[in-house]
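The letters A, B and C name the chains in turn, as written, and every chain counts its residues from 1.
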Amino acid sequence: MISSQPQWIRHLIHGLYLAILILGAVTMFVPFLWSLSTALKPLSESLAFPPRWWPHPVDVQNFISIWKLVPVARWFGNSFLVASIVTVLNLVFDSMAGYALARINFPGKNFVFIGILSMLMVPFQSVMLPVYILLRALGLLDSYAGMILPMAVSAMGVFLMRQAFLTIPQEMEDAATIDGAGRLRMFVQISLPMVIPNMLTLALMMFLASWNNFLLPLLVANRTHLWTLPLGIVMFQQEYFVNWPLLMAAGVIATLPIALVYLLFQKWFIQGVASTGIK
Amino acid sequence: MVKVVFNKPNQGLALGTSMTGRAQASRNGVTGYLFTAPTIILLALFTAGPAFYAFYLSFFSWSLLNHMHFVGLSNYPQLLELPLFWIAVRNSVVFAFVVVPTQTLIALGIAAILNQKLPARGFFRLAFFFPAISSSAVISIIFMWIYNKFGLLNSFLLLVGIHGPDWLSNPSFALSAIMLMNIWTTAGYFTVVFLAGLQAIPVSLYEAAAIDGAGSWRMFSRITVPLLRPTTFFVVVMGIIGTLQMFDQSFILSQGTGGPLHSTTTLVLLVYQFIFSYGKVGLGAAATVLLFMLILAVTLAANRWLGQTVDY
Amino acid sequence: MRTKHWKLMSKGAMVLAIATLSAGCGAASAQGNNSSGVVTITLSGWTSSPVEAQLMTKELGYFEKAYPKIHVNYRPISGNYEALLKTRFVAGDAPDVIYVNNGGESSTFIANKDLIPLNHYIKSSHFPIQDFYSSALSLFSSHGQIYGIPKDQSPLALFYNKTLFQKAGITAPPTTWAELAADAKALTKPALHQYGLINSVQEPRWAEFLLESGGGVMNAAMTRMTLTSPASLQGYRFFVNLYRDHYATTPPTVGAQWGGQAFGMGDAGMVVSGNWLVPFLNQTYPHTQFGIVPMPKGPVNAETLTFPVAYGITKDSLHPQASWTLIRYLTSKQGMTKWMNLGLALPVRPSLINLPYYAQHPVLQGLIADLPQSQAWTFPPGFVEYVTTTMTNQTTLVIDGRESARQALKVMQQDGTQLLGQ
C-alpha cells in the first residue's frame, strides 16, 4: 500500500501483521497436529494432563489396529469412486446450466435461476426422509448410484459456472454465430475452453463435498462394503468412541488424502473459491 | 445473491440481431431448457420435490410407523406453543448472530493483512484455508477431544491459571464451544473470498487517495469496505445459510441429544429429532417450513442492507 | 392446488415404492420357486462389534445348511438403528426379521401393529416359551399375544474397582444402600479426580433406585405416573444426594464420555452398568481390576432393571413361516448358547444360566444373580422424547442444585400424566 508514513512505523505495522498471521496459522494447524500427536500415542499416555505434545515412543499401533479392524482400503476406494463420478457429472451438468443461464436468453430464465439458487436454502436433513423414499422407489438403495445421483448437480456449482461464463467476452460467440455454429458446438468449442480454470475449481469443490459427505451415504449404504471413508469413520467413532488415539488415527487417515489433493491443486481451490464471491 | 439476478445485463440480447426476434426467442427457449434440463430435473427430484413433500407432511400427524392423518394447519400453532421450539430458534439465531459477524470480521481483517506486501503470503493463505477442506464429521471428532475436561484447550487455559470447564457438558459453554469451532472452520474460507474481492479493487483508487493524503485506515474504511460490499454480501449470506442449517457439529458433539439442557439443540437438529427419534414427523416438517422462511427472511434482509450496488 | 398436486405426486411415489418392492420380492421368490423353491428373507439388527456381526454371519451359514430352502440376507443397520429402521418401514422396505429393542421401542412397534403375533407359530411348532424369563417375555407381549421372542438381555448391576476399594480400605463391595453411600464417600478423592460413583443421570440409572425403594416411574400397567409417591421420592433422593454430596458425579467431570469409560480410566470406584461394559473393559482398559455384584439392596427390595432384546417378524414380511423358522433356530438352546459364549449379553432362558461359559467367566455371576429380580425397562409409545429430554434435564437441574428433588418429580409427573392422557 502506498503511504506517507515513516519507514519505521511501516516496519512495525508489518511486524504486527506478520505476528497476527503466524498466530492465526498456528491456530489453524494446532487441532490437526494435536490429532496426529494423539494418534501416535498409546491410550494410557494420551490421557496425560497437562498433555505432552511429543509422543515418546512414537507408536503406530493405532494405525495398524484400524487397518486390521475395518476395511479402510475398501472405504477409501468407495469414496474415491463416488467422489470422482459426482465430480464428472457436476462438471457436465453445472457448466451446461451455468452456460445457459449466463449466455442464452430464454423465457423464464430469471425464474429458473432464482429457483436453482433457492435450493441452497433447503437443508438436506429436512428432506432426508423424502429423499430416502424416492431412492427406495428408484431402487437405488445400497448402490453407488444412490450416493451419486442426489449429488450429481449442485446449485452452488451452477452459480459458480454462470459467473464464469459471464466473464467471457460476448464478441467471441457473436463471431461464431455468424459462422452458423450450433449452440452445443459453440458451448463445447468456444466457451468451455475459456473457463477451464473454473471447471477445475468446480471439480475440486465437488470432489471435496462428496468426499466429506456422510449423511447421504449413511442413508443409502447399508452394507459396510459400500461405506465411504467419512461414514466409516463416523461409524467407527460410534463403536470406539472413547478410544481417542484410535479415533484420531482414523481422523488422520480420513484427512490425509484430502490434504494431499489440496496441496497439489491449491492454486485452483483458492482461485475458484475466490471467483464465487467477486460478482 | 438474489441481487445478482437483477443487476446482470442481458448478455444474450445481442444475438437477436441476426435473425427475426421470434424465431430466435423460441430457439433460445428450446436450447436454454435443454441445457438446464439435467439440473432442473435432478434438483426437482432430490431437493425441490422433497422440500415440497416436507411442506405437505407438515399438515399431517405421523410417527413414521402409524397411518398418517390429516390435521390441517394444527401442527403450526402446536409447534409455536412448544418451549423447545423456541429454545431451538434462539440457539440457531444466537449461533448465526455471533458466528456470522465474527467470522466475517476475522476474514476481512486477515484478508486485508494478506493483501499487503508481506513475505510467505502463499503459505498463510494455504494455512487459513486448510480447515475448510476437512470433513465436518472428522473436525467435530477432533474438537470433541480438544474440548475434553482434561483436553488441549483446558491445558492452554491452565497456562494462564484458568481451570477450564468441561466445555461440552456445561450448558453455559457448549454452544459457545461449537461456535468457536465453526468460526475456526469457516473463517479461512471466507478470507480467501475476501482476498479475491480485495484484489479486484483497482490500485489506482488507492493511489489517488494517497495523493489526497489519506491514511491507511481512511483508505480501508472509505475505499475497501464500500467496494467490497458485493463480496461481503456473498460472505454474509453464505454464512447465514450455513449457520442456520448447522447440524453435523451439534449432532456429533452432543452425541445426537442437543444437550446439555437443550443448549445445543439447533433448529435442524430439532427437525431431525422430531422426524427420526420422537415420531413427530408433522411437527418436524412444520419446523422445516419455518426454518426455510427464516433463512429466506434473513437473506432478504441482508440483500436489503448489503445488496445495493455501489458506484464510484 | 399445489398441495393437491403434491399429494398426488407423493401418493404416486408411495405406490411406486410399494410396486417396486413387490416386484423386487416377487422376482426374488419367483426365481427361487421356479428353480429350487428357495425363499429369501432379510434379517436386520444392530451390532456392537465386528465380532458380533461375524458370529451372526457364521450362524446364518449353519442355518442355511440346516434349512437349504431358506436364504437369509443379513443386513445389520449401523448408526441410529431405530431411526433408520423406521425409514425402512416407511419405504415399505422393512426387513422380515428385526431386533426389537426395549425402552419404549417394543411398545411402539406393537401398538402400531408393525409386528405380527407369534402365538400361532409358537403353538404349532411346540416352541418352549415357558423356558423364558417372564420379565423379558412380557416386554414383547400385549393382550395375551406374543410379538417377539427374546434373544438376550443385560440387567444393571454394580461394577466396582478392586484396586480402588483396596486402597480405600474397603474389604467387600456394598450390599445395602447405606454401605453404597459410605463406600462412595470413602472412595471419593476430588484432588485425584476420583469419585465413588460415576454415572450419567439418564433415566434408567435413577429409576433403578426408585424400584428398590418400592416406588417406580409408572404402575405396572403403565397407565399412571407414580413419580410423586413417597417411595419414589425416597429412591430418587438417595440417588441425587450422592451427586449433591459430591460422592457421585457425571462422566464429563473426569473427561470421560460415559460412565464405563470413567470406570475404565480408574476414576470411578463404582459404576452402575450392564453386560456391555465387560467386553469394553477387556478390550480398551484390560488393566482395570473389577468385580460385579448385584445392585445393593434398597429399603424395600433389590429389584433391578434389565434390557431385553427380541426377534420379531414385521407385518410386511412375505415369508412369515420362513422367518419363524429362523427365529426358532436362533433362539433354540443350541443357537443361544453360541450367542451367549460371545459374552455380549445374558441369557433370556433360565435353563442357560449354568452354561460352562459362566463357570469360566465368574465375574459375570454378579450380573446373573440379578436376573431373577429384574424388571424390563419400558415405556408406553410416544415417551421417547419425554424420557430422553424432560427426565434427563430435570435430574440434571437437581444434581446441580438448581431445583429440589420434589419439584423435579412433580414436573416429571405432570408432563408424564399429560402424555398418558393423549
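Methods note: a contact is a pair of C-beta atoms (placed from the backbone, for glycine too) under 8 Å apart; a residue touches a chain by one contact, two chains touch by 3 or more.
All values derive from a computational prediction rather than experimental measurement.
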- Item | Between B-C and A-C, the pair joined by more C-beta contacts | B-C
- Task: Farthest from chain A by Cα centre, which chain is it? Let me know.
- Result: C
- Note on the structure: CA centroids of chain A and chain B: separation to the nearest Å works out as 15
- Note on the structure: Taking each chain's centre as the mean of its CA atoms, chain B sits from chain C at a distance in Å of 39
- Task: Mind pulling the residue numbers of chain C that touch at least two other chains?
- Result: 10, 13, 87, 90, 255, 257
- So which bits of chain A are touching at least two other chains? 47, 49, 129-130, 134, 234
- Item | In chain B, residues with contacts to at least two other chains | 49, 53, 150-151, 276
- As the complex stands, chain B meets chain A at residues 1-2, 4-5, 8, 10-16, 18, 25, 28-29, 31-33, 35-36, 38-40, 42-43, 45-51, 53-54, 110, 113-114, 116-119, 123-131, 133-139, 141-143, 145-146, 150-152, 155, 158, 184, 188-189, 192-197, 199-200, 206-207, 210, 213, 215-216, 219, 230-231, 234-235, 241, 245, 247-248, 252, 268, 271-272, 275-276, 281, 284-285, 288, 291-292, 295-296, 299
- So in the complex, which bits of chain A are touching chain B? 1-5, 13-14, 17-18, 20-21, 24-25, 27-32, 34-35, 38, 47, 49-51, 92-94, 96-97, 99-107, 109-110, 112-123, 125-131, 134, 149-150, 152-153, 155, 158-159, 166, 170, 173-174, 177-178, 183, 187, 208, 211-212, 214-215, 230, 233-234, 237, 244, 247-248, 251, 254-255, 258-259, 262-263, 266, 269-271, 273-279
- Query: Inside the complex, what are the residues of chain A that reach chain C?
  - Reply: 43, 47, 49, 69-70, 129-130, 132-134, 136-139, 141, 218-219, 222-224, 234-235, 238-243
- Query: If you look only at chain B, which of its residues touch chain C in the complex?
  - Reply: 49, 52-53, 55-56, 59, 63-66, 84, 148-151, 166, 168-169, 255-257, 259-262, 273, 276-280
- Message: Considering only the defined contacts, which chain C positions touch chain B in the complex?
- Response: 2-3, 6-7, 9-10, 13, 80, 82-83, 86-87, 89-90, 108-109, 112, 114, 193, 250, 252-255, 257, 381-382, 384-385, 388-389, 392-393, 396-397
